[in-house]
Structure formats: structure tokens, C-alpha cells
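Quick heads-up: structures coming right below.
Shared between the two complexes below is subunit A, which pairs with subunit B and subunit C, respectively.
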Partner chain A sequence: MTTTTIDPPAAAAARRGLSDRGWYWLFVAPALIAMVVFYIWPLVQIFGISFTEPEFGLGNYAALVESRPIQTSLVITFRVAAVTTLLCLVLGYMVSYAIYNAQHRMVGVMLALVLLPFWISVLIRSFAWIVLLGRSGVVNDSLIALGLIEKPIAMMHNEFGVVLAMVHVMLPFAVLPMMANMKGINRAYVDAARGLGASEFGAFWHVYLPQTKPGILSAALLVFVLSLGFYITPALLGGGRVLMISEYITYQIQELLRWGVGSMLSVTLLVMTAVVILAAARFVNLRKALLERG
Partner chain B sequence: MSEMPIQPLLHVREATKRYGEVRALDGVSLEIGDGEFLTLLGPSGSGKTTLLTAIAGFTELDAGSLTLGGTEITQMPPDKRDFGMVFQGYALFPTMTVAKNIAFPLKIRKWSRADIDRRVKECLALVQMEDYAERMPSQLSGGQQQRVALARALSFHPKVLLLDEPLSALDKKLRADLQWELKDLHRKIGVTFIYVTHDQEEALSMSDRIVILESGRIQQIGEPDELYAHPRTSFVADFLGKSNFFEVTVRGAGAGQVTCTAGEVEMQVQQRNGAAAPAAGRTARVALRPERVRLGPCGSERFSGTIRQHSYLGERSQVIVENEALGRVLVSCPTWKSQVELRQGQPISFGWDDDAPILLDDA
Partner chain C sequence: MKRPSFFRIFMNTGAWLVLAFLILPMLVVIPVSLTDTSYLAMPKEALSLRHYENYFSDARWLDATWQSFYIGVLTALSATVLGTVFSIGCWFLSSRASTIARWVLITPILVPPVVQSLGFYRFWVQLGLIDTVTGVVLAHTLLALPYVSISVFAALANLDRKIPQAARSLGASVPQTVWAVVVPAARPGILTGAVFAFIVSFDEIVGVLFITVRKVQTLPKMIWQGIQDNIDPTIAAVATLLVLATLVLMLAGSLRKT
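After this line comes the complex of A and B, so read on.
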């Protein structure tokens, strides 16, 4: 930088062109301003409210140790997120592996099938699960018609239904990072392992699987973090009985107008998510995991 | 074809492999001796790598069979064959240290910890990599990776070591050094080496025998000097070293010598040992090695010609001489004893001994 003037950027640009740095800030500014006004500032306010409503102090945070419903909701949230993550990893790994070991002309079709759900609203997909899993839903009706059961089984408004639908929604988020990872793995390593005496499974276990660890970890992180704060699917499939933390927050604010507790839980969720990410950062290259996908 | 040097270990019979319309292997039969250093040599697409991967068990043959010491192994999966393999690009496992890489085949074979540790040390010493046991493969140079791949492939005492262009990724000087080392290693451990390369110099310098492949077929098998001195086809004569070719008509034959005419020029031609004498009047093709052609001052040799082009290569010069009857003739002469000045357009005299031209089988 040679000279710095306090002209407004546009005027300066018009007069003699901006420096590279000037252009950089000009391009970044709109997004940055929007972020600060509509995201950072409200977040700061939420943070403030959690300490000031209804009165100044740590009163809201005391609920974390005192309130059974809040503790239950937090436990459910972590349990559902963990189970969802685990299932997504297993299923997603199988799908990714199948795609990269399938015949070439099938790869496109299989990829499309993975990405297809992305183009349909989560809301629609969740309602579709309700149609399938309800008391007189497609699955129950079919099972009864086949004489396999006499009374409908409760397949939703419980954790089973929530996890099932969430796995469906989250699966692409698990498949994509793992696929990106597998894409970079040379087939020659598995051949080499076979040539050195390893069985098919041995070659997979000792040579292929360790190389997919980065993909597994970033998929786990992505799915787990998204699941922690997920709202629509648990709200619809849980039917108020599987109260995950985001639905609990909505309930506090919309029904009970308890902004203090709602804000406190939001801050808690934010902190917990940050802790998970920071913990994961010890094992995963976050920049690679979250920014340089597929 | 030369005699089998030692007891045959591996038999390849009528191996055939098609990829769509292309025949990668077309009825290849071969015997490989115990302890032999055998090289599969050919241009890309000749089937040499397919043959190697078929022996390794990665490529399933459409027809034909493989036997190892009398046991049929055609259908045996690669991990049961107990062959060591060094891959092109080495394929060292990136998540394991050098020592773990070398220990891998031993761990799979359920060796004891103590035995594994001892053997890994031995193998590292064998390839002079003792100081690198705890490095990751990504921290090694190409030459070092190559040594580790070799150690890993040899650690479990395989009966056969398969090498797929192991030196092709290295620079020229390093390649030459490693050629000596590989040859040395082969002598030291006595394991059968089957070596794939497209580099004729590599093949000539290291092998006990060379198999020359083209379009999925064996062109010729033999010891390096035998193949070089007595190529059977123009492909071999041109792929292994360089050759001048003349189309000739056979005039008469006797005692390993054949008299031919190329246009107006009469020449004596060498015949391979044991080959049947060709009938008079038949057309044939003759190969002449560039280094067998002598250059001299005008009048000193049988033919006269003009220098069309020459390039100086340090130890040798390549010269293209043009003669009215013979056309262009490539000559390779040592620079240290050149009696004539090599200049474009200069008239020159050239000739060769009667045992230099070789009669080829293909017309």
C-alpha cells in the first residue's frame, strides 16, 4: 500500500482504480455487513438475554442442573444425534464403497440417487415418513394385511421414527465426505495387500479402512453437528414425545414466552456444538473436512 | 531358443487374455527356471504387464494354465500364491511406517512378534534402509520407496518376485545404480525374479533371459547377447538395439553362410544356428547393426556414399550414410577412433564383415 486516502471506496475506484486490497474488501463487505447485522448481532443479543431475562444473573443456567425436562431433552438430543451418526456412517460407508467399486457407467446413476433427496424439501421427506410409519400408515397397514401383526406397531412419535427419518435426511452428508475421500485412494494398495498375502477382508481391514479414516471422521463430525441442532424432522416424527433441544427451545419461546430459558438453551447448544467441533479438530483437518468437499 | 538354465519352476501354457477385441495375451507359453532373472520386454500394449499380473493372480486368464512346481495355480487367488510383488509406483501403504510396511506380509502370515522384528531388521539391512524404519512412505524419495517396496516384497521369503517396471519412475542415474543393486540382490538371495520393463538397456543389463513380447505374442526368448546377436524377426532386431534392414533375394546357401543380393549388391549373410537353409530365389530380410558398419576414407571400404546427417553422442557418433544401391544406412561409430571427419555432404567409404548381416525369419 502506497497511499491511503479516506475517499469513499467507490469514488476512489472511479478516480484512479482500487488497490488489490481495496477490491478485496469491496467484494467481501456486503457479506460481512450482512453477517454482522443479521447474524453476529442477534447472537450477541441472545447471549445477553440468556443472562438478563427475567432477571440479571445465572438463574437461567441453573436450570441446566435443576430441571429434569431440560436434562432429559439434552440426553435425548445427544443420544439421537449419536445413533443417527453411527447409522449414517455404516450405511454411508457401504454406499460410498459401492459407488467407488461399481462399474463405471453405474457411478453416475448411483451418485444421482444419493443426491436426489437433496432436491426435495426436508419437510416433504419428513411428512412422507409420517405417511409410511403412522398408526394406519403404509407399513402398518401392509403388515396387518399380511397377517404378520394384529395391532399397529408404534413406529413414530418415538426415537425409532425420529432416528429412522433423520438417518434418511443425513445420509448424503455422510456419503459425500466419505466419497471424496475414497476417490483419492488408489486401488493399487488393495492389490498390493492381496499380492502380499492378505485375504480380501484383510486387505480391506488393514489397508483400505485406515486410509478412509479422514473421510469417516469428517462425515461423523458433519452429521453429528447437524443432528444436534436439527428441528423439522424430530419435531414432526417425534410428535412432541421425543423432545430434542431445538424443539424444546421453540416450545419455550413460542408457547411459554420464556425468552431467558430459550436463549440459555441456544447458547448451551452453541457451546456444546463448538466443544464437539474443537474436540474433533484434534483428529480431523477441519478445513479439509468442511470446506473442500467433493 | 536357448536351453532352460536350471530346473523349471513356473510353467505358463497357452495363456490367452482378451480385452474386448484386443488380445492382450495370445497363446503365450513359457517356462521359468528356479532362481532365474527373467525379463518380459516389449513396448506398451505388448502384453508384458498382463502376463505379469496373470502370473501374480490379478488378471484372470480366458484360456491357458499356470503351474508352479507341478501345482496348478491358474485359479488360485493372489494371496495364496506366495509371490512377492513390487508394483509400478510401489504402492507402499501410506498409513504405515516403513517397518510396518515390511512387517505387513509377516503379520498376515501370523509370524511371532520376535520373528517379525528380526526379519524386518534383516530386510532393512538388505536394502540399506536401516535408518528409515520409523519414517512414513511420504517422507522417502523415489529411490528409497523403491527399496522399501523391494524389502516388503521379499520379507516373507517368496518363491518368486514379480517386478512391474520398478525403476521407471526414477531418474536415469539412480536407475543405473539400482540396476546394479537389483542384480546383486538377485545373486545374493537366489529367488526367481520376473521383471517387466519397456527399457531394452535395463533388460539387457540385468536378465538371465529376456522374453520379447509384441501384440500379446512371444517374439523371441533368449539370453541377452544371443538375442542381440541373433534376432529372429525384424521386430526384435529393431526393438533390441537398432538395425538397418535390407530386402534381399537368396542366391545360394552353405555352412551357415547365405549369399544374397540386395538389388545389384551381393552380400554374405549370417544364418542363425540350426536354422534351415533358405531356398534359392526366395526373398528375405536382412538386419545389419549400425555398430558393425565401418567408416573409412574414400576407397578404403567396399561401398562409397555420402554423409547425410550425423549426431555426436559423446562416446559414439550416429551417422546416416547414403549409397545409391543400398539407400540410407545408419552407422554408429566410436568417436575416439574416428579416422574420418564427419561432415554433412562429405563423401565417405563404408563396409562390414561378412558375419555382420543377419538373415531374419520374417520376410
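After this line comes the complex of A and C, so read on.
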């Protein structure tokens, strides 16, 4: 190759200008600076606003103790996130387990079916649930046509609809970490337990399940954190009646222009998220769960 | 062959039911998009393509689709370049400081969408970027960077550090080594990252709701407003088209792999 012939003195001169590490930091700098200036700094500004608008002090934070609507919204947020997480863990576990232990030809199909919803936008998926669950939605219409009910059942604009659609959106996030974990588990232990006389369920419960704990915990962390701050699905299916904290913030800012309260709640939500992640750090390998997920 | 145990049947049946729950509800948009009614419902008397006609003849829907598309392409370009160069730098450094830098870059995955959007809004007002394509591309680039940097870094995990070292000791400069040795090794991760970046931007809604007003209309924003104001079946037609496009792309992707 003639084009890559390198003149060593010239290369040495280039190196004298900038050390190797200098070059590497030059590579790192643009994205890092962009993130700090255009992402972290705006968040710091929101932090500042929460203490300065409408006036300097902790006035906005007093609302956390005084305002009933805010407390209700926080309770709803935690409840919906917790129920969603729990359901996603149970349902997602079955899918991951079947994919890694079924030993049949459908595994590829199952994998594709788990990944498909990931590529379809949350907005479209929430819209599909509105079509299904609405007052004159597909489910109600069918039930009435079949003569099973006379009046439509309220299946959305309540926590039921929100949780149902949220589980649907969050399930792939639960399945992926659990699958990654199960991939690395050696069946030999379960086989040994079976050979020593354990029932299939006994071997699963005492031998397999404990080995999948890391996967379950990372799935729980991911789903819970994403659910806490979720906006689209609760806003669309809650119909203003299931005010999770993200929608409450939007309402404060867009309808009431109360930036102080909105920012304070944003900081609160951010701190809650951080606390959950840091608390989870004791049980979950954060590096694996977040930084190095494939 | 042993007879399958109750436990195995239970887990398998459960898994298939869950998969049905994941897939079937999304398919409801297909029959609804073919309805002959002017409101959201299953087709009453006949199938009709009028809602597709409406999509393809309405300049607002088409403009929004086009805007989403090119914002997505611009985002994919900028996020892929920035994120790839960043990950390569971090891979070479692999120090404590560079690990912290990687954590900083993935914060957008963890910060709630509404919170970051408030931040964008306030800062974009100061910068005069509200309701501009530049403003949206900048915001989307930041949101896509975590995905690019994670997938490029994952691709580099398999690269032997001795190879770039060999290039260096044979006299190649750092940029030459990166271009001729590291970038080719990272190519699968770069491509995955670019696809992710495009999709992040193409689907993004909360940020767009905060930082655009009337000039920048994206497809998700049209769908969002459509759901809020009057749910007309055109949304179902758009949804069907998007689901079908996703299916086709997924099939094409899996065919390329095999």
C-alpha cells in the first residue's frame, strides 16, 4: 500500500505537538462539552429556578408538605410505578425463562416478538390502547355487541388503563436484562438438583431462581426508574384523572405558568430517581445494567 | 422423551400469553385504519382506504412526516459522529476520568423526559432556538448520544489493544490509526448506533412539545395533537404505516444477518 506510507519524522513532529493522551481527550471533548453545556447546565438552571422563582428561598419546597394535590400525585406515581414493575417482573420472567429453557424451535420467533414492540413508538402503542379501551372502543363495542354488558365499562381514564398500557410499554425493558442474565446461567446445577431427586419446580425454586436474582434486580431498577418519570402513556390513558408527577409538572408549567412549583417538582423527581438508583447500587451492578448494556 | 411437567407447561403457556399481550393490541390499528366510519371504530359495512387517502393528500401530515425524517437523519449524523469519536477516545484512555465521562454521556437515559424538556425549554429560549429545526436536532442529538456511545463502546470491547499499538509503533499517527484500524473495528456498533439515533429522534415527543410551537411540526407531534383534539382514523392509518414499515425493516435486518 502506497497511500499509507508514513514519513516517521513528520509523524514524530505531529506527536510532539500533541501527546497521545491529548489526542484521546480531543476525541472525548466535543460530545462531553456538548452534554455538559446543553444538557447538564439546563438541568442546573432548573435546580436554580426551584429556589428563586417566584421569590428566593425554600417556598416552593414547602408545597411538598402543605399541598394535598402534590402529595396525592406523588403517591399515585409511586403506586403506578411499583405495580407496573411488579407485573413486568412476573410476566417478563416467564418469557425470558421460556426463551432460555424451552429447548424448542420457536425460540427465534419468541425473541423476535419480544423485540418488535421496542421498535414501535410508545405513542403508537398508547394510541392502540386508547382504540381498545375507550368508552366506545373496540373492547367495549365487542362486549356490547355480544350482549355480555349493557353499558360500556370504564377501562381507561383510570389507574387500570394506565397500568395496563404501561406494563405493555415497559415489558421489553424487563425482559432484556433478565435474558442477558439467564444467557450466562449453566443448566448443570439444575440438572444436578434434578438428578439428586428434586422436582422440576423444586429445582427451579431453590437452584435456578436464586441465580437469576441479578437479572431480576436490574430489570426492576430499569422499569421502576423509567416508570417514575413516565409521561406519554399516563397522560394519554389517564385522561387527566391519573396525574402522575410528570403530568403534574407539565400542567403547572403549561397551564398555570408556575415555573417555581414545576421546577421544584422536577428537582424532587430527579432526586427520587437518583435515590432509587443509588439505593439499587448495593444490589445491582450499575455498570453492567446501564453502562454496558448491549 | 419424558412427558412435559406441569411446571414447564405453565411457564410456556404463560410466555406465549405474554407475547400475545405484547403483540396483539398493537395490531388493532390495522382494522381500525380501514374503517368506513369517520370516527375510530372497527369497519361497519365495508373496508375503506379513505383514511390513507386523507394522509397522503393532507399537506400537514406529509410535511410533518418529511420534517421528522430529516430531523432524524440530521440527528443520526451528528450523534453518530460525536458519539463514535467520544467512545473511541474513551476506549483508548480507559481511565477513571473517561469512565466518569461515559457516565455523564448516558444521563439522558435516566433523567425523566419532562425534567430534561423543561431544561431545554428555558435554555433554548435564552439561545433563541425555540421552534427551530436546529434546536430540535440539538436536543435530539443529546438524547441519542447515550445509545451511540453504548453501542460503539460495546463493539470496541472485542478489539485487541495490541492492534492499534502496532499501528502506532509502525509510525501511524493517532488520527491515522483511529481511521484505519479502530473505526473499521467499530463499524457494526456505529451502524447500530446510527439506527438507534434515528429512531430516538423519529419517535421523540416530549422534548418537541416543549421546544417547538408552530413552525416545526413532527409526526409524533401531529399524532399527539390528533389524539388530544379529535381522534380521527387518519392516526390509525399513520400508525399502521409505521408498524408495517417497522416490520419490513426488521425482516430486512434479520435477512441481512442470516
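Here is the rule we go by: the second predicted complex is superposed on the first by the 272 of 294 C-alpha atoms of A that agree within 3 Å, B and C clash if a C-alpha of one lies under 4 Å from a C-alpha of the other, contacts with A are read in each partner's own complex, and residues count from 1 in each chain.
In this text, a contact is a pair of C-beta atoms (placed from the backbone, for glycine too) under 8 Å apart; a residue touches a chain by one contact, two chains touch by 3 or more.
Computed from a predicted model, the values in this text were never measured in an experiment.
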| item | value |
| --- | --- |
| Partner chain in contact with A:A192 - subunit B first, subunit C second, else both or neither | first |
| Partner chain in contact with A:V162 - subunit B first, subunit C second, else both or neither | neither |
| First, second, both or neither for A:P210, with subunit B first and subunit C second | first |
| First, second, both or neither for A:L89, with subunit B first and subunit C second | neither |
| First (subunit B), second (subunit C), both or neither touched by A:V80 | neither |
| Which superposed partner A:L32 touches (first subunit B, second subunit C, both, neither) | second |
| Contacts of A:A280 with subunit B and subunit C, given as first, second, both or neither | neither |
| In the superposition, subunit B vs subunit C on subunit A residues touched | C |
| Subunit B and subunit C footprints on subunit A, overlapping residues | 199 |
| Touching residues on subunit A, where the partner in the complex is subunit C | 4, 6, 8, 11, 14-15, 18, 20-21, 23-32, 34-36, 38-43, 45-46, 49, 91-92, 94-95, 97-99, 101-102, 110, 112-117, 119-125, 127-132, 134, 136-138, 141, 168, 171-172, 199-201, 204, 225, 228-232, 236, 246, 249-250, 253, 262-263, 266, 269-270, 273, 277, 290-294 |
| Subunit B residues within the subunit A interface of the complex | 56-58, 77-79, 82-85, 87, 89, 91, 93-96, 104-105, 107-109, 152-153, 156, 162 |
| For the subunit C and subunit A complex, residues of the former touching the latter | 5, 7-8, 11-12, 14-16, 18-19, 21-23, 25-26, 28-29, 32, 40-42, 82-83, 85-86, 88-90, 92-93, 98-99, 101-116, 118-120, 122-123, 138-139, 141-142, 145, 149-151, 153-154, 168, 170-176, 178, 180, 199, 202-203, 205-206, 220, 223-224, 227, 231, 235-236, 239, 242-243, 246-247, 249-250, 254 |
| Of subunit A, residues touching subunit B in the complex | 186, 188-189, 191-199, 202-203, 206-207, 210-211, 213 |
